[in-house]
Amino acid sequence: MVTAARAVARGASGMIQNETQVPVETIDELAARVPDGAQLAVPPDYSGCAMAAVRALIRRGVKALHLVGVPQVGFQGDMLIGAGCVATLETAALTLGEYGPAPRFVSAVKSGHLRLKDSTCPVIHAGLQAAEKGVPFMPLRGVLGSDLLEQRDDWRVIDNPYRMTKEQDPIVLLPAIRPDVALFHAALADRQGNVWIGVRRELMVMAHAARTTLVSIEAFTDDDLLADDRLAAGTIPALYVTAIAEAENGAWPVGLRGCYAADRSHLQRYVEVAATAAGFARYVDEYVGG
Amino acid sequence: MVTAARAVARGASGMIQNETQVPVETIDELAARVPDGAQLAVPPDYSGCAMAAVRALIRRGVKALHLVGVPQVGFQGDMLIGAGCVATLETAALTLGEYGPAPRFVSAVKSGHLRLKDSTCPVIHAGLQAAEKGVPFMPLRGVLGSDLLEQRDDWRVIDNPYRMTKEQDPIVLLPAIRPDVALFHAALADRQGNVWIGVRRELMVMAHAARTTLVSIEAFTDDDLLADDRLAAGTIPALYVTAIAEAENGAWPVGLRGCYAADRSHLQRYVEVAATAAGFARYVDEYVGG
Amino acid sequence: MSMSVGSTPQDGSTAIDWRAEELLVATIADMLEGVRHVAVGASSPIPGAAALLAQQRAGGRMRVSVLGSERDNFFTDGARELFDCAAQGRIDAFFLGGGQIDGAANINLVGIGAYPRSRVRFPGSFGSAYLYFLVPRVILFRVEHSPRVLVPRVDFVSAPGTSPEHYYRPGGPYALVTGRCIFLFDKERRRFRLASVHPGHTLAEIREQTGFDFDSPEAVPQTAVPTRKTLDEIRHVIATKIARTYPAFAAHLFDGVPGGTG
Amino acid sequence: MSMSVGSTPQDGSTAIDWRAEELLVATIADMLEGVRHVAVGASSPIPGAAALLAQQRAGGRMRVSVLGSERDNFFTDGARELFDCAAQGRIDAFFLGGGQIDGAANINLVGIGAYPRSRVRFPGSFGSAYLYFLVPRVILFRVEHSPRVLVPRVDFVSAPGTSPEHYYRPGGPYALVTGRCIFLFDKERRRFRLASVHPGHTLAEIREQTGFDFDSPEAVPQTAVPTRKTLDEIRHVIATKIARTYPAFAAHLFDGVPGGTG
């Protein structure tokens, strides 16, 4: 295990000082960076949700968001929709999981006030990867014959130029998804603005793909996250990070992997209270403010 | 930093025991898994090179390899070519870096005994990503007007179906690269066969893309690499690993990040000795055996 | 939903008690024989328990990934890895549900009524439109077996059950398991064939509760009840794992069953 | 190659000594003004030192990535990240060399003679065919300035200097820096224009040593020699960083220069 220990204890810190500072802001300043009408990408409840920033967005009354779930979205989506912040919802699902149907989402769908771009998980991942690679589209298997394809005029079907078969081999092409803003929550950042996300690598693709990446974190570390390969392997370099806000318990009431579990009773209560628009308004009064 | 410490100290080990064992073999057994004629993907000298396994391949006299540098290749390539193991070389470069021109490669090119599929780094990355995603091709910017494109009948140019411009927007399509075998060296594996590669993530793409992945390692750890997010973030799950051989200093004379530096005097000597076929044969006698 | 507890005499043995959930777990585990890697949703305790049982029977030589779980998921390349992994041919079996399922194995996870203003809106299609194409053995699982769920034609095709012959489609439906019966999907005829009826249910009831037409053998067998060995495995070995992976389910299932929380 | 040491009186100041490498470092650093992120090859010490100097001048508000370096590289997504990063528009400047470079800024990193049986074989094209399209300010750098390197037409186009107007090409050649002079690339005319001649060299010599035709102003300026301030920065601030990043180069460059290894 001597060798093993050496292997994971690289130790030497980076030699070139990239002193470019990523601005550190309050959660409201962070939210102020999301313009009305922005295409905003957010992760699912099992990843890193910047719930404090979502509340700040609602407080500031952001409008007409094009919300993208990467690849699906949970409480963030229901709350933003309930607060009237969302014009378009592009996601593989809006799910509150075990807590049951998402009340404000279901209500908005029925009222027709939400433009739906129903998608499927790998399409959203592939769209972000296309943006990450700077290509206009990405091919993907599957999806053919789904009504999702019928509803989406931005998805194309071509005959696979590399087919080995005599008959046509239709394959779907999907446009790049390049969010104006990626917004998420992580456990740690260092003073240079590098953000540790561990295995929640969809957050890294989001940051690579988006024009602006806003991150709330539990806490700063004074260490250099890129100096130790153990941490560097799960770190988004500061290059991709536009601004950071410190927000302890910033994912509450959703959980944060490795830090804290979801506040199940609060989430259950949300679902009950938000069953009506009036109940949701009371919830906002109590927990969001503004 | 309490929160920070919590964040990176997840601790809880996986709940479902995936007891499937990845076979642990000798380096010669590992090499025996590479069939003649295989498409074999290997990393560059700055990543994890399974040099001990390459020597074993030469000992066993593997023939007609289609060697793929991911995205380029160094000493592994020169030695395999010198030993007559390679029929086709697909790479963005074969470089020995500061040590100067690669003697056996240059000689093989002049003799015309090597089928060259000259490529460029992002094309090889994109080809492997296509295989990783199970799609037959990937689009990529650039490359147009390069003689690389002229020489490669498997690269296509189409008009971007998503173009916003009036004029044509040509874009290159590249076929998936799905290696028969990916072969590399890493610092650590655990007893379940999970392999830690840290930030050398091209190794993970190789493992995802290849049909068979053979890994030599410095040492085993008795810990579960997936149990701690710090390590999991840089770990290839055993699912993708076909067989492992323990080989201390297995990257020698090339270096291994975090473990040891290159043996510069040996590499310099290689380049001098391998200037002639006879000199290379003497080098093989002395250091490869068989 | 609530499920019954059965007491069925087995060939030559004394009667043993089993719960409906145990029957489903055992049945689905049988369908996973020979599978190298099965992926299961985090909120799919019955398929999850079945996967664990199949893994146990395979002597551990089967990988089980629980999606969305922080702990029982060995993926390290983010949320996309499951889908890439399936496309690489490394996932042999997967489970899908459906707000609606029709007789051609089309599934609807989007909503009831005309899209987009669904009268009843479900969460969405998740990865179904993809995994249904790429995972060879997709088991449709829905306990509720009613004309509301099993419809003549789904209102929205999240993922189609079948595709034209020349499409690239290594995957597709293998079976539909409900609280009343097991259908196997006939790829040639592109429709379901009733394979067995769970104890306590009848063909007539199934015809009545199924909104789509299906094939049926002349004599419909009864779904095999779990053997004592299987029940022992579930209660004494799997229960522990289930409790860690699906705590709420385990609490419900094993409450009062001897050895259940082993 | 060996490079001379110059001693040039500066306007109103006493003569100072500088090395040819320092002139190149200072010159290239000037070209990096306003750049947010420059990537440099690990075995490119002069561009690397220039990038460090430009970073120093920008008060640290410039990122420098040294490719292939274990230490001065903040990428965490494997070898592909550089290319993805360039395609995202996050890399403003990059350096390319060339076994051959022609007057249309085409570069050849593959070989001399008819492909594939090159008479002289170079390592290969690396990422040139891509980065040349996507990085806005590509500086071609080759110290050897001879008809052997600067040819009328490259034998193999690893990466073309120009593309048709309607191609997607945010990037391309900005300048060609050699041991004798600086050319700037004229995108309209698709050819090089001599910008300045290094001290000790002449236009006639450059015409003779350049295999391709190029434009030239009537009066060709001399390349500005490094100021005392710049030399101080290089020797007292950058030297330390250079020594850590490019030890062999630093040993060569600063051997005997006072304060050089600071």
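We just call them A, B, C and D in the order they show up, numbering each chain from 1.
Following the convention adopted for this analysis, contacts are C-beta pairs under 8 Å (C-beta built on N, C-alpha and C of every residue); 3 or more make two chains touch, one makes a residue touch a chain.
In this text the structure is predicted, and so the values were computed from the model without any measurement.
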item	value
Smallest count of steps, each to a touching chain, taking chain B to chain C	1
Contact-richer chain pair (by C-beta pairs counted) among B-D and A-D	B-D
Far-end chain from chain D, centres as C-alpha averages	C
Whole-Å separation of chain centres (CA-atom averages), chain B against chain D	30
Whole-Å gap between the CA centroids of chain C and chain D	62
Centre distance in Å when chain A and chain D are each reduced to the mean of their C-alpha atoms	40
Euclidean distance of C-alpha centroids - chain A vs chain C, Å	30
Residues of chain C engaged with two or more neighbouring chains	75-77, 83, 87, 134
In chain B, residues with contacts to at least two other chains	126, 129, 133-135, 140-141, 160, 171, 199, 201, 204, 232-234, 257
Arrangement of touching chains [line / ring / star / complete / other]	other
Touch relationships between chains, expressed as pairs	A-B, A-C, A-D, B-C, B-D
Touch list for chain A against partner chain B, complex	1, 3-4, 6-10, 126, 129, 133-141, 156, 158, 160-163, 171, 173, 175-176, 187-188, 196-199, 201, 218-222, 229-234, 248, 257-259
Partner chain B, residues of chain C touching it in the complex	37, 52, 55, 59-64, 66, 71-72, 74-77, 83-90, 134, 241, 244-245
Residue numbers on chain C that touch chain A, as the complex places them	42-43, 68, 70, 75-81, 83, 87, 109-111, 115-119, 121, 123-134, 156-160, 163, 166-168, 248
Contact footprint of chain D on chain B as seen in their complex	44, 46-47, 70-72, 91-95, 97-98, 101-102, 105-106, 109-110, 112, 115-116, 118-123, 125-126, 129, 140-148, 151, 160, 165, 167-171, 199-205, 257
Partner chain D, residues of chain A touching it in the complex	12, 14-20, 131-135, 194, 204, 208-209, 226, 232-240
